[in-house]
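Each of the two complexes below includes chain A, the first together with chain B, the second together with chain C.
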Partner chain A sequence: MTENFTAVSGKRRVMNSIKAFFTQPANIILTVSVVLLGFFTIYPLVLLVLDTTKVHIAEVMFKELRGLKVGQFTFFHWYRMLLSDMSGVYFWNPLKNAVLMSVLASFIAIIYGGVVAFLITRTDIKAKKFISSVFIFPYIMPSWTLASFWKNFFQNPGIGSGTGGFLFNLLGVRVSEGFVYGLVPCAIVLGLHYAPFAYILIGGILRNMDANLEEAATILKASRAKIIRKITLPIVLPALLSTFLLVFSSSMSAYAVPQFLGGSSGFTVLTTTMKQFINSGWYGQGYIMAIFMIIFGLVILAINQYATGKRKSFTTVTGKSGQISYIKMGGWKYAAAAIIIALCIFCSVLPLITFALESLCVIPGDYSTLTLEFWISKTTTSSGNGIRGLFYEPQVWTAFKNSLLLSGTCALFAGTVGILIGYSVAKRRGTFLAKAADNLAFLPYLMPSMALGAAFLAIGGPLGLSKTFFLLALVGSIKYLPFASRSGINAMLQLSGEIEEAALIVNVPWWKRMVRVIFPIQRSTFISGYLLPFTSCMRELSLFTLLASGSTVILTTLLEDWQAWWTQSANALNLLIIITVLAVNFIVNKLTGASIDKGVGG
Partner chain B sequence: MKRLFCILIALTMVLLALTGCGKKDQQDKSIYEKAQEMSWDEIFELAKAETGEFNAYGNTSRIKDAMTAFVAKYGADLGLSDANAVGTKMSDSEIYTTIESESQSASNSKGASMVMIQDGATLLTYIENTEFFANYVPKAYASTLNSSALTPLVQQYINKLIMWNNVGEAPVITNVWQLTEASMKDKVYFKSPKNEQVNLNFLIMLTSDGWATKLADAYKAQYGKDIELGDYKNAGYKWVAEFLSNANFSINSDTTIAGDLSKPENTGKAGLFVLSKLRDKSVVQENLTVGAFNGTINPFAGFMYPMYCQIAQNGPRPYTAMLFIEYLMTQEGFAPWGGSVGAYSSNPSLTVLDGDRPLTFWTDILVFEDPQYIADNKAEITDFVNKIIG
Partner chain C sequence: MPEIRLEHVTKRFDKFVAVEDLNMVIEDRDFVTLLGPSGCGKTTTLRMIAGLESPTEGRITIGDQVVFDAAEGINISPAKRDIGFLFQNYALWPHMTVYQNIAFGLENLKWKKDSIRTRVDEMLKMLKIEQFEKRYPSELSGGQQQRVAIARTLAPRPKVLFMDEPLSNLDAKLRLEMRTELKRLHADTDSTFVYVTHDQLEAMTLATKVCLMQTGVLQQYDPPLTVYNNPANRFVADFVGNPTMNFVKAVAGKASDKSAIISMFGKLFRFDSQSSLDLADGENDVIIGIRPEFIRLGNGTIDGKVYATLPSGMETMVKLSVGNETLTSVAFGSVDYPFNMPIDFEIIGNGIVMFDGKTEKNLSLGSVSPQ
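Right, the complex of A and B next:
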C-alpha cells in the first residue's frame, strides 16, 4: 500500500513538475524554439551530409556511377572532389581563390574602414556627419552593385569585351586586365563593400574608449605615433580581429561579386563552382562545397571565441566615454575629407548614376542613343527581348511583390522570434535550454548563405517544398534570426527583472507584459532586430539563388536572370532594387530612429 | 496557459503536416499512349472535364506569351483564364527541382502540367530514372515531324552561328580551324560553357566520331596536311581545346556579345551566338557577316539546339497540356518565337521570317544535338573543358 502510494505520488510529482515547468512562458518558448530550430537547422545539415554520399538522378551520367540506382550509397563525390585528378580544378583551386580573396578583402576593409573610423573619431576632419552617413552606403546596397559598376568603369578596349568603359571614354586610361577581372577586383570590391563593418566595429570602440589613457600619454610627452601604436591599436585589436573574421567569412560565401568579376580570367571560388554543380544536377559534389563552407564558418567562430573569450564580441563594444582631444590635422582636414568623400561618391553615388545612364541607352555605353523605353514602354521593347518597360513588366511587379512579402515575412518572423528568444534566454539564463536555444538561433550565422540555401534545397525535395514561397520565407527567417536574437538577448539582458515583476504582481498577463511593458522600453533595439533582416533580405541573392524561381521569383534572382540577356533592362532593375532598399532603410530610420549600424555584425 | 499549450500542439501539427508526404499515384502512363491516337477534338472534350490550374514551366520567356494566346483562344471552353493558366520562365535545373517537389505532392492542383526543356541529355536521364515526364506527340504531327524530333518531342530549334566583324580589311572565315589560330587569341566571343549548357553540349557533340572526322577533313582542306593529334583522342577534342584557348568569355550575354562585336573598333573579331540577337537595336547589322550566309564555313557554320516539350505526369491537367503542346506546333502557337530570326519550329510546314532560311537549310551546315551521345559523354567532356578554362 505504502509502495503504491509512493509510486503514485512519484508519478504525480513528475507530472506536477512538468506542469510547473510549462506554466512559465519562457520555458514554453525555449522548448518550442529548441524543437523547431533544432529541426530546421540540424535536419538540413544532416540531409546535406547524407546527400554527399548518394547518387542523384543527373549523376548517373558519370561512368563510375553507371549501374547504380538513384539514391544508392557512394563515396564517389568525395573522392572526385578531394582526391581525383579533377580535384584541383573543382575544389582546391576554388578554395585557394576563395581564401585569398577573403583575406585580401578583410585587409582592405580593415584598412579603409579603420582609417576612416580613426579620422572621424580621433581627428578634427571636416564633414564628419556627411562622411559617416555616406560611408555605410556600400553595405546597404547589394554587393554586386559595386562589382557591376567596377566593370562598367574600368573596362577598356584592350581587355574583355573590347569596348571602353567610363574611365576610358572619359580620360582614355587603360588599366590592366588583372584590375578588371579576377582576384584583385573581387577582393577590392568586397573590401569596399564590407568596409562599413570595420568602420562601425572599430569606430564604436574608438568613440567609447576612455580618452584619459591617451591624455595621460600626451602629458608624458609620448609622440602621436607612439600613442597610436602603444595605446589605440591594442585597444582596438579585438575589434580588428572580429572585423577580420566577419569580413573573411562573409567574403568566403560571396557569390555575386566573383560571378560578375571572375570573367575571362577563369577566376572561380567555392560558391560559383557550387552553383555550376547544382545547375548540372550534380548535387553530391555541390553539397561537399557547402559543407566545407560551413566548416570554415565554425572554425572562424572558434577562433573568435578563443581570441576574444566570448562570442558577443561581434557586437559593438561599449565602454566609458571621456572628453576626447582631437588630433589637429591643419590643412589636411580638408584634403582628407575631400579624398574620403570622393571615395564614398565613387562607391555609392557613381554606380547609381551609371546604372541610370545605362538603362537609358539603346546601345549600351553609347550615350548619344538615349531612350526611356526600358522604363516606360507599355509594349515589349524594341530591343526584341520580349519584355516591356520596367514599370509595365508583370515579372518585375511579381518579383517586387514577392521580395517585399518575403522580406516582411522574414523580418516579422526573425524579429519576433528574436525578441521571444531574447526574453526567454534572459529569464532562464544559464540553463541548458537557454544555452541550446541561444546557440541554435546563432548557428545559421555561421552557415554561408549559399550553403544554407543548398541545405534547404536538400530538404525541399523530401518535404515537397522545393521552390515554394514557404521555403524561401523559412530559409530567410532562419538565416536572419541571429541578428534578431542577438539584439533581443542584448536588449533583455539590460532590462531589470523588477520591471516585469511589478506587472506580474498586479496580475498582468504575459502577452500584455510583453506588448505594454517590455517592448516599449527596448523599442529601438527590437526594431533594429526587424529592420536588419528586412534590408538584408531585400538585397539577398546568394541565399535565394538556388531556391527562388517561377512564381516565387524575387527581384535579385530576376536581376541575375536578366543580366545574362538584357543589359539595359537589368540596369533599370538594379536601380529599382537599390532605391527600394535605400528608401526602406530611410523610412524606417526616420519613423523609428533605429538604424542599420545598431545591429551590424549581429 | 491552455492557449499556449494549444499553440504548441498546433505548431507540432503544422510540422507534421509539412513532413508528412502522401504520394499521389502518377498519371496512368497509358493515357499518353492512348492520347497519341486521339484527334484534337477528342482530347479537347477530355480537357474540358479537367480542373485545377494550368501551369507550364519553360526555359524560354516567350512561354508566357504563348500561354496568353492559348488562353485567349480556348480559355472559355476549357475553364482557363489569365488567373489560373500561367506560363513561367525557369531554367532547366529550376524546372527539375520544382517538378521533383511537385511530384511528391498528393494534391498537385497548382503544379505544372507541361514543361519546355532545353538540355536533352539531362532530360533523357530524368526520363530513364523517374516518372516525372511523359512524351506526347500529337497525332497530327506524328508522321510529318523528322524522326529525331519525336522522342523527346522537339518543339523548336534555335541556332547559334559564327559571325565576325567585317569592318575594314577583316579576314573572312571559311574554315572553323581559323578560329583556333594564334591571330584569333581572345578574339572569339563565346558564352562560357560553364554558364551556358547548350554551348557545352555543342562542344561535346564535336568529340563524336562523325564530327571528329569532318573536323580532320576540314583541317586538311585548310592547311593541306593531315592533322597531328598529339595527346588528343580525335580532331574534335583538339579543335575544342584550341578553340577554348582562343575564346573570350568576358561577356556573359549573347545580346551584349552581338552589340559589342558589331562596334567598328572590334574589327577582325568573331563570335558564336544566337542569330536572333542580330535584330537587337544595339547591333550594327551591316558590320557583321554571318558565315552561313557567306558561302558557309567548313565543316560547320554554328550549331542548333532544341527545345523539348514534355507533359508533367503529376500535373492536374494532362489533356490540356496535350492541347497546348499541339497548339505550340501550329503557326499561331509558334508566333511568340517565330517573330525573330533564328528560331525554327520542328513542324516543317511552318514558314520562316523573311531574310532567314528554313530548317532544311541548316541541317547539313550546323551541329545538331544528339542527346544520347551528350548524356553518355557529358561527365568526361565537362572535365576536359574545365581543365582548359579553369
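Right, the complex of A and C next:
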C-alpha cells in the first residue's frame, strides 16, 4: 500500500516538474534553440571533417586515386595538402601570406583607429562629431570597396590590366606594382577597413573609463605622458588585445580583398586558394583548408578568453565619466583634424567618385571620353561583354531582388531568434541550458565565413538543399546569429528582471510581456540586432561565394563575376551596392536612432 | 482569508545556501517585516513566496492552496497567486505614462474599461498623484515614482502585498513620510503585507511581527517589542536597537533557581532572573546585554570615564570607558561632559539580558544590582 503510494507520487512528481519546467517560456526557447542550433552548427562541422577523407567526382583524375570509387575513404587529401611536393604552393605559402597580411592589417588598424579614438576622447581636437561619423564609413561599406578603389586609384599602364587609374590619369604618377597588388596593399586596405573597429572598441573603453582614474594621477603630479603610459594604456590594453585578435581573425578569413588585389602578382591566401579548390571540385583539399581556418578561429578566441579573462571583459571598466579635462593641442587641433578628415575622405568619399568615373569610361581607365551606356543602355553595351546597361540588365535585377530577400530573411530570422535567445539566456543565467544555447549561438562567429559556407556546401547534398535559396538563407541566419544574440543578451541584462516580473504578477501573458513591455523599452538595441545582420548580409561575399549560383545569384557574387572582366559594369554595380547599403543604414539610423558608432562620438 | 505558511523551505544556489529550513506562518492582515543584514536571504524568501523564485525544498501554502511543493513538483505561477509586489527600484515601465502603468495590469485582469478608469482615478487620488497622470516615469521625482509604483501594485486589490525594500531609494525625510503612509495604507486596505528591509528602525516601526534572519537561518519571529526587549540571541540583540546594546563579558555562578552572582567590571553583582536560570554548577562564561537606556549616569557604584559625548538635542549619547570595555549610555536632554571626566553609573531596570558565552543564546531576562 505504502509502496504503491510512493510510486504514484514519484511519477506525479516527475510529470509536475516537467510541466513546471515547460510553463516557463524561457525553458522552451532554450530547449528548442539548443536542439536546432546544435544540429545546424555541429552537423555541418562533422560532415566537413568526414568529407576530407572521401573521394569526390573531380578528384578521380589524380593518379593516386585512380581506381577508387567516389565516396571511398582515403587520406590522400591530407597527404597532398600537408606533406607532398605541392604542399608549399597549396598550403604553406598561402598560410604564410595570410598570417603576414593579417598581422600587418591588425597593426595598421590599431594604430590608426587607436590614435583617432584617443584624439576624439582625450584631446580638444576640432570637428569631433564630424570625424566620428565619417570615420566609421569604411566599416559600413563592403570590404572590397577599398580594394577596388585602391586598384582604380593606383592602377597604371605599367602593371596589371594595363589601364590607367585615377592618380595616373590626373597626375601621371606611376607607382610600383608592389604597391598596387600583393601583400602590402592587401594589408593596408584591410587595416583601413578594420580601423573603425579598433576605433569603436578602444574609443568605447576610453569613453567609459572613469576620468577619476586619470585625475587621481594628475593630482599626484604625474605628467600627461606618464598618465597615458602608466594609467590609460594598461586599462585599454585588453581592448587593444581584443582588437588585435578580432582584426587578425577577420583578416585571416577575408576573401574579397586578397581576391581583388592578390591577382596578377600571384599573392594567394588561405581563402583564395580554398575557393580555387572548391571551384575545381577538389572538395577534400578545400575542406581541409576550411578546417584549418576554423581551428585558427577557435585558437584566437581561446587566446582572447585567456588573456582578457572573459569574452566581454574589455567592457568591464566602467564608471561615471565626469568632466574630463581635454589635452590642449593648441594649433595642432586644427591640423590633426584636417589630416584625419583628409584620410577619411580618401577612404570613404573618393572611392565612390572613382567608381562613378570608372563606370562612365568608354575605354576602361581612360577618362577622356565618357558615356552613360553602362548605366542606361537598353541593349548590350558596346564593350562586347553581352551585358546591358545596369538598370536594364535582368541579372542585376534578379541579384538585387535575391540580395534584398536574402538579407531580409536572415535579418528577420537572426534578429528574432537573437532576441529570444537573449531573453532566455538572461532569464535562466547560469543554468546548463542557457550556457549551451549561448555558446552554440556564438559558435558561428568563430567560423570564418568561407569555412562556414563550405560546411553548408557539405550538408547541402545530404539534406537535398544544394543550390537552393533556402540554404543561403540558412547559412546567413546562422552566421549572423551571434551579432543578434549578443545584442539581445546585452539588452536583457541591462533590463532589470523586475520590469518583467511587475507585469508577470498582474497576469500578463508571455507574448504580451515581450511585445508590450520588453521590446518597447529596449527597442533600439533590439533593432540593431536586426540591422546588423541585414547590412552585413547585403555586403557579404565570402559566406555566399561557394553557395550562390544561377538563379540564386546575389549582388555581391555577381560583382565578383564581373570584377575580373567588365570594369565599367562592375564599377557601376559596385556603386549600386554601396549606395544600397548606405541608404539602408541611413534609413534605419534615422528611424530608430540605432547606430554603430553610438556612444563613441564627440 | 489567506494565511501564508512556509514549511521546511530551503533555497540553494549551487552550493551556497540562501535560505535554510525556514518555517513560519504569516497570519491574515499581518504586517510582517523580513529583517536582516544584506545577503541573509530575506529577499529570496520574499521572492519565493511570490513565486518569482523556486525553492529547492519545502512547501508554501497561501490560504488553502499549495502554491509550491518540491516533493510533488507543484509550482504555481506568480500570476495565479493573487498577490501584489512592490519592487525596490519600482520597475515602472518607462515607455508608459503613469495612467498606463497603473491600468496595464487591470487590462490584463480583464477589467471593464470604465471600471479601470474609476479604479485608476481612485488610486491616483489616494496617493495624491492625480496631476501626474499623463507623465512618463522619467519625468517624476523619486517619491512620485514610488507612489506610482504603490498605486500600480494596489490597483488590482491584491490580498497579499509584498514589498522589497521599497523605501531604500528615497531620501531620509521622504522615507519617514512614506513609512507613515505605508502603515496607514496597511490599515486602510485590509490586506496582508510582507515587507523586506535591512533597516531595523523601519522594521520595528512598521511591523506587527518581525522576522529576523541571518545567513539564511531564521533567528526570531515575534512582535517588534518582544524582539527588542527579549531578543532570542546576541545577534538579534545587536541588530535591533539604536544605539546598539552593550555586551559585557562576565562570569556567572548559580546562587538560587532564579538568581546568580556575576562578576563584571572587576566587581560582583547579583542577577535576579524573571524565570528559572539554566546554569551549570561552578563558573559559567556569560555575556550581559544592557540596553543604553538602562545605564543611568551619576549616583552609581560603578566607576568609569567619559570617552566622548554625542548630543543630538532631544537626547545625548555618552560613551564611557570602564576598564577595557566601552559602554554606550543614553541620557535624556542635552548634557555635555568634558573628555576623560570620571563618572559613576548604575544599571537599572529588569530588562537586562544574560546570554550564554558560547552559544550566545538568550538565557534569561532580569535585573542587575550591586552585591
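The rule is short, and it goes like this: the second predicted complex is superposed on the first by the 570 of 602 C-alpha atoms of A that agree within 3 Å, B and C clash if a C-alpha of one lies under 4 Å from a C-alpha of the other, contacts with A are read in each partner's own complex, and residues count from 1 in each chain.
The rule is short, and it goes like this: a residue touches a chain if its C-beta (ideal position, glycine included) is under 8 Å from a C-beta of that chain, and two chains touch if they have at least 3 such contacts.
Just so it is clear, the structure is predicted and the values come from calculations on it, not from any experiment.
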item	value
Side-by-side fit of chain B and chain C on chain A, or clash	fit
Contacts of A:T23 with chain B and chain C, given as first, second, both or neither	both
Which of chain B and chain C A:V173 touches, first, second, both or neither	neither
Touched partner set for A:L237, first chain B, second chain C, both or neither	neither
Between chain B and chain C, more extensive residue contact with chain A	B
Which superposed partner A:L504 touches (first chain B, second chain C, both, neither)	second
Chain B and chain C, minimum CA distance [Å, superposed model]	13
Set intersection of chain A contacts, chain C complex versus chain B complex	23
Chain B-touching residues of chain A, taken from the complex the two chains share	22-23, 25, 28, 31-32, 35-36, 39, 57-58, 60-63, 70, 86, 89-90, 93, 157, 159-163, 181, 263-264, 266-268, 276, 278-281, 362-364, 382-387, 395, 457, 460-468, 549-551, 561, 563-567
Partner chain A, residues of chain B touching it in the complex	1, 4-5, 7-8, 11-12, 15, 18-19, 21, 57, 61-62, 65, 86, 88-94, 96-98, 100-102, 104-105, 121-122, 125-126, 128-130, 186, 189, 194-195, 197, 248-257, 259-260, 263, 265-266, 269, 276, 279-282, 336, 340, 375-376, 378-380, 382-383, 386-387, 389-390
Residues of chain A defined as touching chain C within the complex	9, 12-17, 19-20, 23, 496, 498-499, 501-509, 512, 516-517, 520-521
Residues on chain C engaged by chain A in the complex (per definition of touch)	50, 52, 54, 71-75, 77-80, 83-85, 87-89, 91-95, 104-106, 108-109, 152, 156
